[in-house]
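Please go over the structures that come below.
The same chain A turns up in both complexes below, where it pairs with chain B and then with chain C.
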Partner chain A sequence: MRNKAIVLLALISATLLIYVLARVFFVLPDELNQGAIYRIIYFHVPGAITGFTGFVTAMIAAGFYLATGDLKYDRFSAAVTEVSLAFASINLVTGMVWARIIWGVWWAWDMRLTTMLICWLIYAGYLMLRRAVEEPTKRAKLSAVFSFFGCIDIGIVWKSIEWWNTQHPQPVLSIRDGGGMAPGMEAPIYINLVALLCLSACMIMVRMRQEAMSNEIDSLRRTAHTI
Partner chain B sequence: MLYLRQVFTIAAKDLRSELRTKEALNSSFAFSMVILVLFSFAFDPSSEQLHEISGGLLWLVYSFASALSLNRGFARELENDCLDALVASPVPVSALFLGKAVANYALLMAVEMVGFLVFGLLYDVQAAHYFWPVLLVIALGTWAMVVVGTMFSAVTVNLRMREMMLPIIIYPLLLPALMAAMTTTTDLLNGAPFGPNLIFLRVLAAVDLIYTLLSMIFIEFVLVG
Partner chain C sequence: MDSRNLQFMFYGFTAAWLIIILYVVTLALREKRLKKELDRVKNMVEGGKH
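So, the complex of A and B:
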């Protein structure tokens, strides 16, 4: 059942990604001021939203773990955080490529960029904390608490372009009062968001299966040692 | 009222213990002085550029010094299983946490005030006109460092790589607060008006409030389970 779900999610994601790529590269025209590089937004923005959705989901799962003590929520929370960190990395890297072309530098210490980098560092710290604690229950508890602290920065990243005058462009999506894009140009962003969310769900399920297998191998190893 | 008395008792115990040994106090202060001297090699101490980054330098000193003293927060209770005894005592765990945070805050503020004075003298930074606003920023920024540092010293207290893990964990979490504190302090020390920095002050106050609430809610899970 789980294998079927993984394949189904991967198929949906691949289909949508191929559709968006074809549309973005062969149908949509270049943007008036930025030229071809504006197309990076179709991965930059969905990457960020997928990452943030994951971090918040991980926090909710961490809350469930603290409430119930069931380690499956901890495994889910860890898998979601790992995958979301990868999507946050996509956001940072695509942003840097865009900045190099448009601003002429790879990085600007603007509030949006800085707070996003901080967010990345926080969740990298989360993964390091998990590696530092060997006892599963202790690890689950400490990383659940960390997850709540980490989520604070997401709000700051989200609001940073409103709170400070940033070099980073102001919102362009109409759902965030941006309205800076033509509807035909905006729609692929949402389609790609669905594609990336399906891809992240697929990766999370694969990661959880790996974790379950690793636990099984550990228990077999322990049994072999006792024999 | 009883709760506050318990917080005060824990804070007084920690302060008394620290004032007797002066372990964290001396090491934090000595470390701050070393960093202040090192800055003189990294930048021209008499240049205008130094004034433009003075707030940043000051907070770098504070954040390095804080990691040293905060690491001891719960670690000092490991000897003779004092931590277990404290957790088993009738004091609520959140009061235990707050007491330790208050003690750490008092110690760190003392080190920071002396550091601020020495920094002003050595690098000719005039803060007389902006003393109270700068003090407010230092007070808010330090509480953020203390509350996160104390909370995560409890998280890492039983880890093998405790000394290494604490800075790795707390600095990223503190970055929003440090960023706000550094920017505001630099502007104030350079004579800029307070108004444009109000947003940073709000961020500092919000971070303080949220981290304090989260710590008080979750400290029970960390120390008791």
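So, the complex of A and C:
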């Protein structure tokens, strides 16, 4: 059942990604001021939203762990965080390439970029912490703390372009009252978001399958030890 | 398509796809290693029972 769901999600994601790529390269016109480079938005924004959705999901799972003490929530939280960090990396790297052309520099220490980098570092630290701490309960509790701090930063990243005067543009999507894009140009962003969310769900399921295998290995080792 | 910035647009798309591909490869390698380890431990337990 799980394997079928993984294949189905991968197929949906691949179909949507191909559709969006075809639309972005062969149908949509260039943007008047930016030329071809604006197309990076079709990975930059969905990458960020997919990453943030995962980080918030991971925090909710960490909350369930703290409430119940059940380590399955901690394992789920770790799997979601690892996958989400890959999508947050897409957001950061594509943003840097875009900035190089539009601002003339690879990086600017404005609040949006800085808080996003802090977010990335918090979750990279989260994964390093999980490797460093061997005791499962202690690891789960520390991970939950990291997850909560990470989510506070996500709120700041999200609102930073409204709270501070940043070099990063103000909201352009109509869902954030931006309205700065033509509808035909905005729609592929949402389609690619669905594609990346499906891909992310697919990767999380694979990670959970690997967690189940690790547990089985540990359980078998304990059995072998008692024989 | 306007040729302005075309090179950097491809850098951006390539970077995004590279991150996805690298992560998928990491997942696949980890899965392979875990399967191998699971088989090894299973054989060890089976051997211990007999």
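In this section, the second predicted complex is superposed on the first by the 223 of 227 C-alpha atoms of A that agree within 3 Å, B and C clash if a C-alpha of one lies under 4 Å from a C-alpha of the other, contacts with A are read in each partner's own complex, and residues count from 1 in each chain.
Criterion: a contact is a pair of C-beta atoms (placed from the backbone, for glycine too) under 8 Å apart; a residue touches a chain by one contact, two chains touch by 3 or more.
Since the structure is predicted, the reported quantities are computational estimates derived from the model, not experimental observations.
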Contacts of A:A67 with chain B and chain C, given as first, second, both or neither: neither
Partner touching more residues of chain A, whether chain B or chain C: C
Partner chain in contact with A:G125 - chain B first, chain C second, else both or neither: first
Which of chain B and chain C A:V93 touches, first, second, both or neither: second
Contacts of A:R39 with chain B and chain C, given as first, second, both or neither: second
Partner chain in contact with A:R221 - chain B first, chain C second, else both or neither: second
Which superposed partner A:M203 touches (first chain B, second chain C, both, neither): second
First (chain B), second (chain C), both or neither touched by A:D30: second
First, second, both or neither for A:A5, with chain B first and chain C second: neither
Chain C-contacting residues of chain A that also contact chain B: none
Contacting residues of chain A [partner chain C, same complex]: 25, 30, 34-37, 39-40, 43-44, 47, 83, 86, 89-90, 93-94, 97-98, 100-101, 199, 203, 206-207, 209-210, 213-214, 216-217, 220-221, 223-224, 227
Footprint of chain A on chain B - complex, ascending: 148, 151, 155-156, 158-161, 165, 168-169, 171-173, 175-176, 179, 199, 203, 207, 210-211, 214, 218, 221-222, 225
Touching residues on chain A, where the partner in the complex is chain B: 66, 114-115, 118, 121-122, 124-125, 128-129, 132-133, 137-138, 141-142, 144-146, 148-150, 152-153, 156, 163-164
Residues of chain C that touch chain A when the two form their complex: 1-6, 8-9, 11-13, 15-16, 19-20, 23-24, 27, 30-31, 34-35, 37-38, 41-42, 44-45, 48-49
